[in-house]
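Below you'll find a set of structures to go through.
Next, two complexes with chain A in common: one pairs it with chain B, the other with chain C.
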Partner chain A sequence: MTVIRAFVSRSAPLMACLGLLAIWQVAALMLKTDSFPGAWEAIKAIPSILGDQESLINILASIRRMAIGFSVAVLVSIPLGLMMGRSRAIASFFNPLLMITYPVPKAALMPIILLWLGVGDIAKMLVIFLGVSLPVIYHSFQGAKAIEEKMLWSGAAMGLSATQRMIRIVLPAALPEILTGCRTGLVLALITMVTSEMIARQSGAGNILFNALDMGQYDTVYAMIIIIGAMGIGLDAAFERLRARLVRWSEPAFEIPLSFA
Partner chain B sequence: MNSRAVTTDILLGIVPIALMIALWQALVSFGYAPPALLPPPGLVFTRLAQQLFTTTYQQEIAATLFRLFAGFSIAVLLGVSIGLAAAASPAINAVVRPIVRVLAPLPKVALYPALLLLLGFNHQSKIMLVAADALFPILLSTYYGASMVEQKLIWSAMAAGTPRRQILFKVVLPAAVPSILTGCRIGLVISCIVVFLAEMITSTDGLGHVLVTAARTFQAVDMFVPLITISLLGLILNGLLEGLRNYLLRGFPEV
Partner chain C sequence: MKLMPSRPNVEAKAAPARQTGAAMITIDRVSQVFRTSGRREHLAISDISLTIEDGAFVSILGPSGCGKSTLLYIVGGFVSPTEGVARVKGKAIRGPGPDRGPVFQEFALFPWKSVLGNVMYGPRQQGVKSGEAEAQSRALIEKVGLKGFEHFYPKELSGGMKQRVALARTLAYHPAVLLMDEPFGALDAHTRTRLQNDLLKIWERDRKTVLFVTHSVEEAVFLSDRVVVMTRAPGRIKQIVEIDLPRPRRRSELLLDPRYQKYVVDIEGMIDDTSEDELRP
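Let's turn to the complex of A and B:
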């Protein structure tokens, strides 16, 4: 019985995917317009995109930019967020700045950054960096703030220096929250990647998507939507695996990431 | 927290913003950045002040706000009702959970071309994109808040003779309000971002369109103005939501 239940809960997301694709197919058959091909036509167009060397290189370049932007953002944001969580002065120093930058769409900075840095990888990676860092800082901050003072006192009593306390007590205790932030950041990196490439049409997955839209190649448009969507779901699932290994001792507050744009 | 600590906090918080503007001014005045690429802050802010009083710019803001509110309201309605339903009924939960798992990490901007093709280039496609993006944080925090309601509260209500149907609205919903509002706050920020992006991609009006037009004609000053406007709008809306929160949660213990 438990085996069956485990199987059902494992395959539920897959069933949901199939169900959504089926709804799409039925809707397309009912609407019958050129601009809305069915799921099957879109899936059939995927091999020709991934088989084409140029588009494959484009998509891989997108992933590379995203990976670099994401890693740098995480490396910078976690220490900053943790320090904000532990020191009231640092927190009140950075909080207003973060508050005014939060509602600004990071990809909208693209045209300005393009003026300064030119149409290159650096501009796009910078935008991804900006997009990822805010949620990671925020969650690290919340995680570090919620730590029980007693643990830090005991650490200090046992002779740990401030830096050691930060690495050996604050970091592990805030890890579940930090990872929630990273998961949000991951989805966000993907979104920023697509939008930045759409604004600076030069290369990448977003470029293929919006060029296909402009040229009316509707099956390519929908195939790219599936590819980008699959990337999001795949990355998220992979990250969830990693999270489960790192913080097996803690229950996730949200099982599903809160995606930001 | 005493008032003196708050004043120090505010003063400390102004420092990085002031530093940033000073650095910006310095970059321009000492000639590191040509004004065509980085206009001086004074110019940008006077331009913003001028623009805010022209009817054309007010119309752009109105267009953006209309889409933002329409999308956000749809997201709140759907998110809260689906979230509550999923928390109340295991059957609905079994259907909703896997679908949300698949759709939540999906980058919604990638769906925008599909929405454009289906709904046209008008308001609808942008409103739908905003709604799709703001929906999941609201849905998830509603679900989370509603499923965390203390069982004792429900039992007491049942013991007091409240019908099952009314428990949802009289006990579960009010108890989930703090969590729902947190979700709304995230959803609101997302709405600001998404509406701007959608207007940048295809639009004939709105703040995003103002930015794109300025970028195409290399008017650096006009590129900064809509960005600062959306940041201000985000701050104001956030403040309003905070006010609503304080009003709705009066009497709740501080969280």
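Let's turn to the complex of A and C:
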């Protein structure tokens, strides 16, 4: 019984994906339009994309930009968010700035950024940076704010300086919340990566996708959507494993399986 | 950081009136005003003077909201008094320090550290070598009755166990003074009794100075050498009662002891009076 249950809970995500592909296939067969190829045709187009050197270079360039944009955003946002959470002065200075930037779609800033920085890597990485920063800052802020004052007092009594308390108490105590923000940030990094390449077509996964769309190669379009989606699932699952390992001490006993592992 | 407000200048100017004898803590005309959200000033404690000798177990007893915890936070250096000076070993308190170890009602353990990691934190911070700190901490964990739980995380422990860890974590860096802020207030009656007994056993062995805040009369009488009864807000000292009961104290004997019972009844009466004062407009 437990074996069956374990199998069901483990294979559930895979089943869900297969189900989605099946519905897609059926819908495509019923609609019979050129612009909506079936799941199977899209899947068949994947090997030719991944086998093509130029496509691979494009995709790797995307991943590189995303990795850099994400990393820089995390490195800047975590300290900023934590300081905002512990200092009312810092929070009241940055809060209005964040409130203004929050509702603006980061892709909408793309034209301005392009004017300033050109169509190169820097502009795209900046858009990714902006997309990732806000959730990471917000969650770091919330995490630092929620820390029990007496935990910091206990540290102070042991002789920890203000800086040491920040790094050795606030940071680990807020880590579960910070990582929640990073996980959201990772997904947003992928989204902003594609949109930035949609607007500034030069290279990247988004570039392949939209060029194929222009040329009416719909199987390539859908294959790219699958590839980008798979990248998202893979990144998210990998990050979730890392997260679970880092904050094992705060996890509730029950967890929903999110990875195929 | 709003954590530790800087001390008012009054403090620096005041000549350190060194206490002769074995005064560990001297609280000298301390008052504390808090500004509430409605910009109103709330006088939490008013003009408190108190001396605590080295090795004494002193309880501060009062109704909730009488500022008894505030007094403990001032001695801890977590809060600066609006007026007056608190000193430890004759030196004005300017902030928290390892000579004064707090134990809070909320435990305030580091949830990302195991029991051992929590207890070792203080000694490691003091520069004790890892192996030595671990040996000392393991011994302390055994002393508070948690042998076998060294590698558990706080979330896996009950409230009573968490408070045992918190006590061990504080004892681990050898503070001269233990500051206990309603440490057993969040525990059920049975756990509370057991922890009181164990605290008493540990204390009767090393006789640290203890400042113990509580609202339980029985707890205060059972544990203390002296009980400081406070009035309702603004907290003032209403009366100081010396508890002249033999040590080592055993709960089973004490509960039947008419002297213990009289202390409890007398002090309860003092607190009742206080409440009635407050009810008058």
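The rule is short, and it goes like this: the second predicted complex is superposed on the first by the 251 of 261 C-alpha atoms of A that agree within 3 Å, B and C clash if a C-alpha of one lies under 4 Å from a C-alpha of the other, contacts with A are read in each partner's own complex, and residues count from 1 in each chain.
By definition in this document, a residue touches a chain if its C-beta (ideal position, glycine included) is under 8 Å from a C-beta of that chain, and two chains touch if they have at least 3 such contacts.
Predicted model, so just to flag it, every value in this text is computed and none were measured.
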{"item": "Which of chain B and chain C A:A108 touches, first, second, both or neither", "value": "first"}
{"item": "Per-residue touch tally on chain A - higher for chain B or for chain C", "value": "B"}
{"item": "Chain B versus chain C as contact partner of A:P172, first or second or both or neither", "value": "second"}
{"item": "Chain B and chain C contact sites that coincide on chain A, given as residue numbers", "value": "88"}
{"item": "Touching residues (chain side chain A, partner chain C) in the complex", "value": "86-88, 148-154, 156-160, 162, 165, 169, 172-173, 175, 247-250"}
{"item": "Touch list for chain C against partner chain A, complex", "value": "1-4, 76-78, 95-98, 100-102, 104, 106, 108-113, 121-122, 125-126, 153-155, 169-170, 173, 175"}
{"item": "Chain A residues touching chain B - in the complex, by the definition given at the top", "value": "12-13, 15-17, 19-20, 35-36, 88-89, 92-97, 99-109, 111-112, 115-116, 187, 190-191, 194-195, 198-199, 209-210, 212-213, 218, 221-222, 224-225, 228-229, 232-233, 235-236, 253-261"}
{"item": "Chain A-touching residues of chain B, taken from the complex the two chains share", "value": "8-10, 12-17, 20, 33, 37-38, 94, 97-111, 113-114, 116-118, 133, 136-137, 140-141, 144, 183, 186, 189-190, 192-194, 196-197, 200-201, 208, 211-212, 214-215, 218, 220, 223-224, 227, 230-231, 233-235, 237-238"}
